[in-house]
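The two complexes that follow have chain A in common; it is paired with chain B in the first and with chain C in the second.
Our next item is the complex of A and B:
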């Protein structure tokens, strides 16, 4: 069921009414039923996969929790009889057991993800290397699998680390895995954070309903007026690399940046807004990323929950693993302090970005995309002292104008790396980006050629105006949430504005007869 | 504690480690420094600092880091 459908709006309205009518202790059960209903639209096969993940992770968490509780009870009773070494040995033994349970759970779930998502990619590599002709399986990717598996894996690692106690009730845990607003494209929530509000009880609160509805509306505005309108241009430009070179590539970079931003942040706005209407707090996933001054900052502000997931569950554990510590020690001894210091961090950074690329899709373009991001981050890190000297030497580098230049630079740098997503072919992407410097056809921007890409001038005006609104709202957010200020306005003004935006969405949304909204881009990951 | 201060100074000099309590919050130590500190501390004090202990509270000051080392030595 797409967020952008009348079916979803009807489902949501019915669910919200029921949610505040039923006894508060069963609200979470209703949400689980709603999530199952929502997911059922993806087919029963997809439901089996999510059920396996939920059940196996819940069970593993329970076993780890029981083992840890038994350890604590034993130490409480017999701790006084054991010396320090015996205690350490006992703890290490239990840790090994709990580690094994966690590892089995990770292996099962990551194994499922690997088989479904990466088998064909592996076959294509084998076919390429050994000139084989192996057939492809073409498994259908269960909806949201990369998101809910990563969310579940975060949970089991946290339970293993003793960050919190495991959830004992399988149905409550199933809700954490399958909570419908975030099932399609995240955010990748943490159990201890989402769990605070997920299970209620929630009394009806008009403030939550109102703020949530504004957020949902804002998400629809971005999705159907901007993102869905730009699909035509982006797919047209990306689909004709022979025809669209030079300035067309620049246009593609720009339009895809806007489309992806409007699509992904719009989807997350809907997710967070829907959750808020239910009284549930979902983690923010964006912090106005196009205002970032450099790529490292950009990745702190774009798809935040994915970034922190990779940091907490891959980057840090990898960097401080005994093996990496050995490599670090060795490289310091053999290669000197300066290089040795960099080895574990850079090695972990490369691995994390390789995995991040792979997470986005089983294709070389995603892997190269990840590694290019990594390259820019490492180069920026190496150039940091130079930048610092530059900033000290030239005072203008602290001005607003220079900051705008930095945002502009980051936007385009990220944009050019991002087009790997749309060409889906590494050599084609590099060739196309190369034509920006060899194919001088900038006049195409002004001779009406852009109007032959499937959108009329009216569409471009709508996109331009909508982008202006998005920019204005982002700037206003410097002073806090725009909704907080809106809510202080008289009810009549608020109602009029709400109706106006609904009308704008209905009139200027990119749809027509038999309309089926464009799928959210991140759903495919 | 003196040994820890020496390690910190060797990895990232020019910081008043005895008094500074915002090493992470103020961005004085970056991920490079943190990983380097963990490497040195692990071998100097024979403790393993697990990934879940890499939180600002444990790295914002030398005293907090020292407390972490003592706790991990006890475990």
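Our next item is the complex of A and C:
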């Protein structure tokens, strides 16, 4: 069931009404039933996968929890009888057992993800290297698999680390894995954060309903008016690399940046808004990323829950793993302190970005995309002293104008890396980006050529105005949430604005026959 | 001290003039919410009126289905089918010649299930003595274009019949909701709005004469017609779904005591194949139905149709001259074979039809005037 469907809106309305009618102790059960219903729309076969993930992770968490509880009880009872070494040995034995349980759970779920998402990619590599002609399986990707598996993996690692106790009730855990608003495209929630509000009880709170509804409306505005309108242009430009070179590549970079932003943040707005209407707090996933001054900051503000997930569950453990410590020692000995201390950090960074790329898709495009991000981050870090000297030397570098230049630079840099998403392969992408410097056809911007890409001038005006609204709202967010300020306005003004935005979406939205309305881009990940 | 007392009193009674009672606050919120819903609904209704196509300067046939409700009732003959019906038989001529009251429910590329539900819908308003179905649409076992669905279904008044008609007709990318709220379908017309969209927001023009669409200009059939392409294997037999609807049409008519007459209009394009003809003949024979193929030499001769003067688009549709000739012949056929009465003696009916004749003559004159001035008929209304 797509968020952009009347079926979803009807489903949501019915669920919210029921949610506040049923006894509070069963609210979470209703949410679970709603999530199962929502997921069933994607096909019952896909439900098997999410059920296996939920069940295996819950069971593993329970076993780890029991083992840890047994350890604590044993030490409490017999701690006095054991010497320090015996205690240490006992703890190590238990830790090994719990590690094994966690590893099995991770292996099972990563195995499912690997088989379904990456088998064909592996086959294509084998076919390429060994000149084979192996057939492809073309597995249908279950909805949200990358999101719910990563969320479950985070849970089991946290339980193993003793960050929190495991959830004992399998149904409650199933709700954490399958909570419908975040199934499609995240965010990747943490159990200890989402769990605080997920299970209620929640009394009807008009403030939550109102704020949630505003957020949902804003999401639809971005998704339906901007993102879905630009699909035609983006797919047209990316699908015809032979025809669209030079300035068309620049146009693609720009339009895809806007489309992806409006699509992904719009979807997340709907997710967070829906959850808020149910009284549930879901983690923010964006913090106005196009205002970032550099790529490192950009990645702190874009797809935040994914970034922190990779940081907490891959980067940090990898950086302090015994093998990495060995490498660190070796590199300091052999390469000196200055270079040596960077090696383990950069090695971990490269691995994280490689995995991040792979997580986004089973294709070289995504891997190269991840590694390019990594390259820019590492180069930026290496050049940091130079930047500092530059900023000291030239006073203008602390002005607002220079900040705008930095935002502009980061936007385009990220944009050019991001087009790897849309071209068919890596060589085509590099060739196309190369034509920006070799193919001088900037006149195409002004001779009406852009109007032959499937959108009329009126559509471009709508996109431009909508982008203006998005920019204005982002700037207003400097002073806190716009919704908070809206809520303080007289009810009649709020109602009028709400009606106006609904009408704008209904009329100017790119939906229905005549538009190839797109599924949310991040659903495919 | 005095102030303290008043504050205490206000606290006790809750009558602080600056703080509204919770009940009042809730009432105000509810009223504002209701007002917002009302404004939203009204705005959407107005926008819908603005955005739906008006069918005044293009695709005028989109007006036909809705127009039926202005002449529903008291019709002895109901024609159903596509343009081979609404372009080819003059209902007014049938009245002036024989006093036969007839109406048409046709729309461009109207498929057999559209026609079936048009009959069901018509039965909500009147029970004609004869239903005439043009069999060309038997060749389509699947909807061809969403636009034709809209032309056939948008104008129907809401009833369970319309709901069933939509269900039977929808293509995979259509939704029932977009028929209930046409703004969902036509919202993207904001970029192509014209002055007529405002002018005809709350009114329209009458296109047809009890369903008949008039054209007075002439474009003869060329002396050499293109050779018809041989049928592909899967095109020879009519689809099962078409037979199902023809059966439903037949049994519905039987149950209401209506005579069902099958016809094939005398258009030369698209080609009517012998293989198709044989299937219709067999069906008509099997169930004892009348079947008139106007393409047959003897019928064609009897109608007096002349392809050099009686068609406005090289044989695809008849012009006024052709439609009147067909009406004269077919009116006599229906009078003789279906026992239809001459109603011209009914003063009320005659007065009603006189106004139809007046409009018919007015449009005829306007089209001839335009033809004389411009050499072509750009507008059915001659403006």
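Please note the rule applied: the second predicted complex is superposed on the first by the 519 of 525 C-alpha atoms of A that agree within 3 Å, B and C clash if a C-alpha of one lies under 4 Å from a C-alpha of the other, contacts with A are read in each partner's own complex, and residues count from 1 in each chain.
In the analysis below, contacts are C-beta pairs under 8 Å (C-beta built on N, C-alpha and C of every residue); 3 or more make two chains touch, one makes a residue touch a chain.
Nothing here was measured: the structure is a model prediction, and the numbers come from that model.
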{"item": "Three-chain arrangement built on chain A, chain B and chain C clash or fit", "value": "fit"}
{"item": "Chain B versus chain C as contact partner of A:320, first or second or both or neither", "value": "first"}
{"item": "First (chain B), second (chain C), both or neither touched by A:491", "value": "second"}
{"item": "Touched partner set for A:418, first chain B, second chain C, both or neither", "value": "neither"}
{"item": "First (chain B), second (chain C), both or neither touched by A:507", "value": "second"}
{"item": "A:499 touches, of chain B and chain C: first, second, both or neither?", "value": "second"}
{"item": "Chain B versus chain C as contact partner of A:172, first or second or both or neither", "value": "neither"}
{"item": "First (chain B), second (chain C), both or neither touched by A:66", "value": "neither"}
{"item": "Inter-centroid angle chain B-chain A-chain C after superposition on A [Cα, multiple of 10°]", "value": "170"}
{"item": "Touched partner set for A:444, first chain B, second chain C, both or neither", "value": "neither"}
{"item": "Smallest separation of CA atoms, chain C relative to chain B, angstrom", "value": "44"}
{"item": "On chain A, the residue positions that both chain B and chain C contact, one per complex", "value": "none"}
{"item": "List of chain B residues in touch with chain A within their complex", "value": "11, 31-32, 35-36, 38-39, 42-43, 48-52, 54, 75"}
{"item": "Interface residues, chain A side, partner chain C - complex", "value": "6, 206, 456, 458-459, 491-492, 495-496, 498-499, 502-503, 506-515"}
{"item": "Partner chain B, residues of chain A touching it in the complex", "value": "88, 91, 158, 161-163, 312-313, 315-317, 319-320, 322, 325, 328-329, 332, 341-342, 344-345, 348, 381"}
{"item": "Residue ranges of chain C touching chain A (in the complex, touch as defined)", "value": "28-29, 32-33, 35-36, 39-40, 43-44, 47, 51, 146, 173-175, 177-178, 183-185, 187-188, 190-191"}
